[in-house]
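Labels for the chains are A, B, C and D, by order of writing; each one numbers its residues from 1.
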């Protein structure tokens, strides 16, 4: 559907050609010089691998109970649903009572809330955040727009089906879902985890090729290695 | 005593276009990304900071994480279909979008809105402004590590959301102001319950005054930080409380009264210092003003009457060629809708002018240079930016 | 507003004044006079506040309409300056030196409409979109629905009605 | 005091009691913070669950050998402090490995964990960690100054470097506590105490709104769990020193629990209502208020 007459205007280089991502020599203030290859320094290329559960059932059950009762949410508001996360932390709804807490860095979080529509640009960041989280990890899609596009079904910049790109454990429908719905959703997620169903990270590792192909079909300027931890 | 001023003479010079040549390979500078996944950022946006020690040498705002292509989607929808998506442009204060859109349509289609509907709209807008300020107060104190204020203000906001729910049936996206009027009248006993909410809010605001504005550490962190020269207001398109904190008296509610603001009794709140503290102070007093206005509106509102004008069959609603611009005063500054129609059943172009568009881009990039990295969060929150209205 | 128009009309060869409201008017101006007009409005007439700067795509006429909306804070008046430029190879002079904030608007227009502003800082940098390869999305000939269907996976089972027919059946079953 | 093997199980018992007490105290303090905001806050056993979960996470990523050792050093600091400080005065069981010069060793351990942490976080390579470490070390140094000066004042006052003897000198009613015999030293030490407790207004090196939690940004799963364990033990260990030096020590567990809780409460209450200082502001604070007080306390003695 390219217009014949339209000649694209020049853009700054995108993708792996970007200036910051090129190899360069750095001179430290003390006069030492060393090579920096940002791609290798910032990311790790290894593909993820599936992790075994404990062999003893009761241990695994105990661990699952712990995981369910201590959900640490990554404090990343990807869309407008983030505005209903704030009341959850405050007196009216107080999700801390249920073992739900917020962490500022993906390393320490277990639960990624996709709060609403994901634009392509945010999807890239969400994938990175997800991959930096530690196994086992869970994804909850919040709002109709993560399920089937919702209100933005014909938008050129929002994805329509989140589970094509990330392994989703639970969807909470609504536009936007009320805090009560979120609390009920968390309780459902706990049930899933306690029953041993929260294996999204292993699913991601096992179907890694498929997820990557889907992600790359949407993100046009893929400027990072396939997996970053 | 112990004044530590960094040696700024070593920093790279700024080119005339505002950029500066930073040699990353010298090892003196570090480039860090503030956001989008960062708790100190308002919403989903990011700052690309080049720092030297603890000081920011260059800052770049990166937006677009929330882009849904609203302006394109609106062109594909009929006039009534646009109405449910306009409120999604700005999450914390969606009502102003509804008003601006409805007013623009009414102006081009020549629809006269009933008086009662105008009062209702004024009420909704003030309630929305109050909510937005509550978010702000929590965010500003939170950005300096005082989480308890955020707890209180979010609680008060929840109380106000209850009133919203009672009135419109929804907590966040109300979709109450539609072209032609509003959806409903006030429920029974609304004024009394609102009075109760406002009383609670005032009690909490007194506490906020004591804990936040009289706090020595808060004063130390915010006084004199993030100063905006009033001479820059026009060239950087600074409006709203941010401008009023620097002594300008720009308030759309007073300058170009819309709805029923000319029948209400109020004076724009202004400050003098134009720093973070002054901006917080202006917003705190503006919250009080909002409470006062809600009370005035509830008194001056007449008995429920006609609340919806007759509009044409929405399936065949065509609006002749025209263009207009409708503005309103949001809690961040001047908010406006530029609407062009071309005689068909679809809008030709809708452009949303959000105040954050100018505040968070050109202005923030300028202010952020030579600030301490600790102040970046507080500075950004003090401009009260909501990223969705930048990228839409 | 009328007095202002009469003052400026001949000097800048303005088109007809459209008075939308008592405090809002639109005038058309030629490309040669645009900059002089903006400088005059900003420095002499007190229209110091650039409210917005955007484009409208008139695909049928093959033209872009650029709208510079200026506000006079003292008299609370708005003046929209309209300018038509050809759609093909669209390019316009930058005004970032008059209003630094115009830089942002120009970046957006560059990206969303494909209008070039030579000399505007960072105009070719990614602003909202990232790695966009298709037509600039706000052009009228870009079909967002088609693009969305071609690019993003869809969940089966979503029913899509033509709103016109659907609403006709639901809301107005007996016809008009 | 000569070494006996029985001291080892006794010391471990002390450690266990302190750990369990620490978990509940941390939880209660967090709940009190939540009450200030109008919430109920986390459940009483939440901290245990969090710890178990973090130890049970399946994947770990290392950034190098120092990255492993950082949390280990940090925990060593906390555990070592407990082991070498007499927790309960006069009790054979909870005397731990106190010896004549233990005050100097304790001072060393207070710093030890921070330095280990600095190395570990530096190894993680995250810019925010580096910023946090820089801030943390500079502020720690400034905050330790008044504390160390106060400690010198106290050891000069009692003419000993043994914590046990200092406590012994303070027995016999509260008026013989250092709090009343040398108030200036106590004030100086408490200023330093606020600075090292990682709470507002002196928590700029954690500052989630500026540098997402600073040094521990990259630490996860078991590393994080180690640090959490330390987060529970270390404040108590530090408070034990304060209690022994300035508040007359404790002769039995209930008194110990009460005193530790009250001292912890000081920093928690200050932390709830104050925003945080910038790093140079806090250093200035310590240098202007803490340092002269510390020097003054030595001069008076």
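We take it that contacts are C-beta pairs under 8 Å (C-beta built on N, C-alpha and C of every residue); 3 or more make two chains touch, one makes a residue touch a chain.
Since the structure is predicted, the reported quantities are computational estimates derived from the model, not experimental observations.
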item	value
B-C against A-C, pair bridged by the larger set of C-beta contacts	B-C
Between chain C and chain D, centroid-to-centroid distance (C-alpha), Å	61
Chain B and chain C, separation of their C-alpha mean positions in angstrom	22
Rounded Å distance between chain A and chain C, as computed from the means of their C-alpha atoms	36
Averaged-CA centre spacing for the pair chain D and chain B, given as whole angstrom	43
For chain A, residues that touch 2 or more chains besides their own	90-91, 104, 121, 154-158
Per-residue multi-chain contacts in chain D, two or more chains	37-39, 208, 212
Touching two or more other chains - residue numbers and ranges from chain B	38-39, 64, 67, 69, 72-73, 76, 150-151, 155
All pairs of touching chains, each written as two labels joined by a dash	A-B, A-C, A-D, B-C, B-D
Residue ranges of chain D in contact with chain B within the complex	33, 36-39, 127-128, 130-131, 134-135, 200-201, 203-204, 207-212, 272-281, 283-284, 287-288
For the chain A and chain C complex, residues of the former touching the latter	1-3, 5-12, 14-15, 120-121, 124, 147-149, 153-161, 164, 214, 217-221
Contact set on chain B toward chain A in their complex	24-28, 31, 36-39, 43-44, 64-69, 72-73, 76, 84-85, 88, 91-92, 135, 138, 150-151, 154-155, 157-158, 171-173, 388
Sites on chain A touched by chain D in the complex	41, 44, 51, 62-63, 66-67, 69-70, 72, 90-91, 94, 96-97, 99, 101, 104-105, 107-108, 110, 134-136, 201, 229
Of all residues in chain A, those that touch chain B in their complex	20, 24-29, 36, 74-80, 82-84, 86-87, 89-92, 104, 106, 117, 119, 121-122, 125, 129, 151-152, 154-158, 175-176, 178
